[in-house]
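Below is one structure; the comments refer to it alone.
Chains here go by letter, A, B, C and D, matching the order in which they are written, and residues are numbered from 1 within each.
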Amino acid sequence: MTVEIDGKKKNICVEGIRDRPLPTKKVEIVERKGIGHPDSVSDALAEEVSKALCRMYMKEFGHVLHHNTDETQIAAGQAAPRFGGGCIIDPSYILLVGRATTHIGEEKDYMSLPCKPVALKAARDYLRRTFPFLDIESEVVLDARIGQGSDDLTGVYKASGVHANDTSFGVGYAPYSITDRLVLGTEEYINGKLKNEMKGTGQDVKVMASRIDEEITLTVACAMVDKEIGDKGAYVSAVEELHARAEENALKIIDASGLDVKLRMDVNTGDDYDRGVYYLTCTGMSQEMGDDGSVGRGNRCNGLITPYRPMSMEATSGKNPITHIGKIYNVMSNLIANDIAKSTGPDAEIHVRLLSQIGKPVSEPLNASVQIISEDQAQVAKWRSEAESITFDWLDNIDKVTELIVSGKVRTF
Amino acid sequence: MTVEIDGKKKNICVEGIRDRPLPTKKVEIVERKGIGHPDSVSDALAEEVSKALCRMYMKEFGHVLHHNTDETQIAAGQAAPRFGGGCIIDPSYILLVGRATTHIGEEKDYMSLPCKPVALKAARDYLRRTFPFLDIESEVVLDARIGQGSDDLTGVYKASGVHANDTSFGVGYAPYSITDRLVLGTEEYINGKLKNEMKGTGQDVKVMASRIDEEITLTVACAMVDKEIGDKGAYVSAVEELHARAEENALKIIDASGLDVKLRMDVNTGDDYDRGVYYLTCTGMSQEMGDDGSVGRGNRCNGLITPYRPMSMEATSGKNPITHIGKIYNVMSNLIANDIAKSTGPDAEIHVRLLSQIGKPVSEPLNASVQIISEDQAQVAKWRSEAESITFDWLDNIDKVTELIVSGKVRTF
Amino acid sequence: MTVEIDGKKKNICVEGIRDRPLPTKKVEIVERKGIGHPDSVSDALAEEVSKALCRMYMKEFGHVLHHNTDETQIAAGQAAPRFGGGCIIDPSYILLVGRATTHIGEEKDYMSLPCKPVALKAARDYLRRTFPFLDIESEVVLDARIGQGSDDLTGVYKASGVHANDTSFGVGYAPYSITDRLVLGTEEYINGKLKNEMKGTGQDVKVMASRIDEEITLTVACAMVDKEIGDKGAYVSAVEELHARAEENALKIIDASGLDVKLRMDVNTGDDYDRGVYYLTCTGMSQEMGDDGSVGRGNRCNGLITPYRPMSMEATSGKNPITHIGKIYNVMSNLIANDIAKSTGPDAEIHVRLLSQIGKPVSEPLNASVQIISEDQAQVAKWRSEAESITFDWLDNIDKVTELIVSGKVRTF
Amino acid sequence: MTVEIDGKKKNICVEGIRDRPLPTKKVEIVERKGIGHPDSVSDALAEEVSKALCRMYMKEFGHVLHHNTDETQIAAGQAAPRFGGGCIIDPSYILLVGRATTHIGEEKDYMSLPCKPVALKAARDYLRRTFPFLDIESEVVLDARIGQGSDDLTGVYKASGVHANDTSFGVGYAPYSITDRLVLGTEEYINGKLKNEMKGTGQDVKVMASRIDEEITLTVACAMVDKEIGDKGAYVSAVEELHARAEENALKIIDASGLDVKLRMDVNTGDDYDRGVYYLTCTGMSQEMGDDGSVGRGNRCNGLITPYRPMSMEATSGKNPITHIGKIYNVMSNLIANDIAKSTGPDAEIHVRLLSQIGKPVSEPLNASVQIISEDQAQVAKWRSEAESITFDWLDNIDKVTELIVSGKVRTF
């Protein structure tokens, strides 16, 4: 189980599992909570706060100091949406929670750091640039309970190697199935390109897919924005247009895949026009009324919720990207799985699970478990050594993971 | 005790008191908490919130609806000021408290109103335009607990007359003594004209005057701003310049009065340069560290705290200017006293106290008590009828008081 | 102006004012907010917190350490009172605000102190033992923002003398007028003896007196408790009984005074039985719905609000009783005034105002001003030296004031 | 895919998967956060609040009204633990979040409900009876942001069938592996029987298991309680005793299973006696310092975190047990899986996933997917119809699930 390269040893265990990869099985369920869903807003704020703290620490000291801001609670407000433009009655409440290094040094080298202001600023900036229909001056109350701590100047990042802060694990898989890609692609389309053409669509978009054999049902819920939609007729038209465009986009994804998949899409199925029920909001975000949110309850760090795949309960967003296993191992598991999947192609499904030991170097997990699920186990023998060396390589280059995270090049939700 | 004019009767009692006016007595103490003092910040926010609600109600309905936002609590933050520029570690926390009409009408006329957003916006706007060294994005947490209520469309303002919401009273006096004018004029100078010339002076300015006979001691405490002051030497110079300029301004006030008064001024007497104690702040506001604040604990509505004068305990700031006796009667008492004082000149001191009865029209106090304090009681007979008619007139024109308040033409703290 | 005794000098200024004492003047207004009024609840909690901290510090170190907990904000909840027993929908929110010494010593002598837990415990205990109809488990949310600081072991209490923490003043007067005594006596009766006989009366009692010549109108507002009052009839009877008993009690006070005073009493005048308006509550406290509260906005430290008397704006409750001028000088002014009034008898009115200088010993005010208001100024010459020595004596025994406060032997609201 | 029984049709899909059940695979990771872990405290409070609301609604109306209280945020406090007994400096902060029906009926049938008080009471009661070392009077601040809503009297529970509130899913598996049972049994032992014998062990216990082939490593972290442990020696002894007893208990579980498993156990591996690092707390809960918590980030509703098994991201705790798919389908998936596993025995692993459609009856999922994982697929044919009828039966008896939840007979975390 030990892989040794250039004299370095790591506990890597590559295992072949004789089974069909998920995309060829009968049933699959995949979900994505869009960027405006309160759980995703929480994830994003936690991550923005951590990234801003990282930048501050690196600017002041050249390396990241201890912090962990992986909790954010959103308590819904109260709104009175109305065709043509209603109003927020009670702002939603956002509480940033965590801890950070606020003091370092002794006596005359003693130095204080503005962690809470940095956190609040980062959160406010994110909300402002991401949610055009939310007035952050008045429609949200932003508070922080970020515990303060002190640290010595050496920080958590030492030449001697960074040590795991906890006994924890990370989980990843690859490649994305067509169901995965449809879910991800649909949300990204609605919150991306479509926004230029349809202003009335809010950011709170939830996509759920259920595949049975070759038939995929995509259920899309999209908060519509009252001030952009003048009346019921306009609402009905907007939902129809959204439906048509999102379906067209999904069909393109299917076409590009070359797979033979039947698509069915439902949009805003909770609506009931006869009874006057519309998914109408003032801000395009359901946290304005009735929907609370918190970190780590939505998408895993590959952007999806996949009950037919292995998942970690650890919140990836908001943890520091140096010592926090719950973050690094989750991100790295996906990176490893993706790289291995590139070798194996679509005939295999890759599961990666990394388990840490508290106090041991992050680069030396107690157990790096790679599963290659394929009906053709003969192939596994060929893939094994490639898989081992990919895994070894990522473990030996933890810094690259940290850099990818801090620079925002990998998603965390 | 009843004054009748054009068939209208009001309980007005004008009383002569044979005594010397305060300015000729031996001792006088006067204090003003400047606009950056946490109690004044609280007063201002409460009043800004009320004014913004008034404007919203008037825009939507043509008249003001019930509200009372006369409480704001500021809990100090934590700061690490440093010559040249330190940082805020923990933002101060501001909680707006009160109640407002958030819903009116029934069924299809039912309408929701954005009271909390309006309140938060007003508070944020005030902080932004008043305190240039406070980053309201990150150095303050602004929260609101404004209870919601409903109202019928008629509002509180009816042709039949507005009724007192409480058994309460208002108190005022006039004219200002030279001590009063020095205290007021010194704070206004430091937070006004001087700002163009001395950026290093913050808004938290406290002026205390003690007069014994003709000698007035002015004690000034002014928070200095770290980012504008590079080192200890610059601090010492800045305080000296502040002292010189404020003294010059005070002497001008004395000269203009034609009175024979000796002035002594002390500035930042809490400093102790040898022990390294400076009144240095990041934001020019002591609420950044160690100084909490709340509404109604500072200046009365003439801008001063005057323990040798009659005072009301009722907070003037934040109450609605239609039915709230604690606001209208305080403001009106001062207006009446000032008008009477214009007639009597400096030889008399005027005290006005208005007592309401809950449920009775605001224009008909249980008791409007006017005291004319003068050694020359022969004069009082002459002044009496003028005093009565001035008082009657203001009571008969409550609307004018409301307008002066809503338009910001009278101060409330 | 300097009084010297046994070689010690103090700035004491006793001044005769030729005027009638207030009780013989035409008009007088006096108010008391009872112990259940939200402003009084705030005062009490602030003071309880301070006393509990004093006890903790004295137990651990033998003397009091720095603290100042003179702010508490109560934001009203929401209630649905109903004859026979309604319910609280939204608890009132109580925020304790201030700062305290949480850390002392260095290195191995470093010691942490449980200030916030002590504060929360003290507040909870007070609410529990004072308000029998409030379920503190569920009908109130108690929070604290008490800033933490460190101190050296010597504390604020040194043999060399305690120094004023601020440029501030205290104000007191004596003796109580019959109006004062009626107001105080009525609230104390309703919240005292009467409780055994009339369970339906809550603690939120407000008494307002207006005297014109010899006629005193007492307006009493008393929150009634729904679970003790079965229906409208019972309510009407209860208010009538309250009226009768309170009036009887007031007449006894008048009789005992030997003064010729006419009394009129109104109880719960805001009620309107025809329109179904009753002053009915679930908890006997108006903070359950619609009435916010904070420290220092209600009674002065003699238990009254007296716009015809000199008053201090400084909140007495919650400040530390060692260095905080706003507390010690307010309490001491009243003690001095009372002692002098015992000498002069009812023919004189005594006003005392003590002004501190920041950094100077508390025992040496910048100015201790005593005014003896009497028409018989010949007497003043006789009283003067007694007044000076009483004042000197209290200033020379600050410790006695502190002891009286910590042991709860003087009121602060 | 449709199963029809007695004329009722349900979409049930039983699928055989030719694979080894997990216990026979090479690697397995299982974790449990004990009842004192902040994520579990959050889960428990959310669930206690929901159960208390259910009881209140059932008492008042005979059925449960709409509510969803599945969010709770714990922000860590600050503590200074010390052998023999330290102190809490800053209480932890617990915010209950969600919404509930606070008003029903119209006009004279209008009725208010004390949801927040009921929630606060339930939370306080749970903390008091579960955590003997936490003084809930002073060492925790409990707040609630529970949005209020109105409902008609019929509630959510109608004869015509309850409808899904969301497009969501539930996931379960069975049977427990030996690794599962060791993790669950170890935490339950330490927080159960052991407490009578070892008072120094706190409730914050975390158990992580890693199985590789037949070797299971159990890593136990248990917060120790300072006031029960006099010094370092006592701490070392206590951890040794804990280790010995927990190991003995684990070996009994293994013995009872008849399986050939090698056990290794590590306890409090984060300690470093040389550097003076101990897992010492004042309250036995790490939320006192440094560890935040929230709902749905810890154990799934079978009490475990199992990255090698299918899991749902939906928080089970705190949701209403009538309409909330995230709760009912998670609990029911486990019930179904367990019942099927009783038929199949240990040679098969059962995965159940239930997917709802918003607005459709809860009893009619869009898709009830049952997977029978076994190398002996011949058997699957035999098990299939039993699996279908078990699944059908549970779906047809949703009420039983609700009853099990409300009566606390199934766990949610």
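Here, a contact is a pair of C-beta atoms (placed from the backbone, for glycine too) under 8 Å apart; a residue touches a chain by one contact, two chains touch by 3 or more.
Treat the numbers as computed from the prediction; the structure is a model and nothing was measured.
J.: How big is the gap, in whole Å, between where the Cα atoms of chain A centre and where those of chain D centre?
T.: The mean C-alpha positions of chain A and chain D differ by 23 Å.
J.: For chain A versus chain C, what separation do you get between their C-alpha means, in angstrom?
T.: Between these chains, centre-to-centre, one finds 56 Å.
J.: Would you mind pulling out the distance in Å between where the CA atoms of chain A average out and where those of chain B do?
T.: The answer is 51 Å.
J.: Could you say which residues in chain B touch two or more other chains, in rising order?
T.: 93
J.: Name the graph shape formed by the protein chains and their touching pairs; answer line, ring, star, complete or other.
T.: Chain contacts: single closed ring, each chain with exactly two partners.
J.: Please list, in label order, each pair of chains that touches.
T.: A-B, A-D, B-C, C-D
J.: Report the residues of chain C in contact with chain D in the complex, numbered from low to high.
T.: Chain C residues touching chain D: 80, 86-91, 93, 102, 112-118, 120-121, 124, 135, 137-139, 141-144, 148.
J.: Okay, in this complex, where on chain D does chain A touch?
T.: 1, 13, 15, 17-19, 25-27, 29, 31, 70-71, 73, 75-76, 78, 93, 95, 97-99, 145, 147, 149, 167-169, 171, 206, 208, 210, 212, 217, 219, 221, 269-270, 290, 292-298, 300, 305, 307-308, 310-313, 315, 353, 355, 357-359, 366-367, 369
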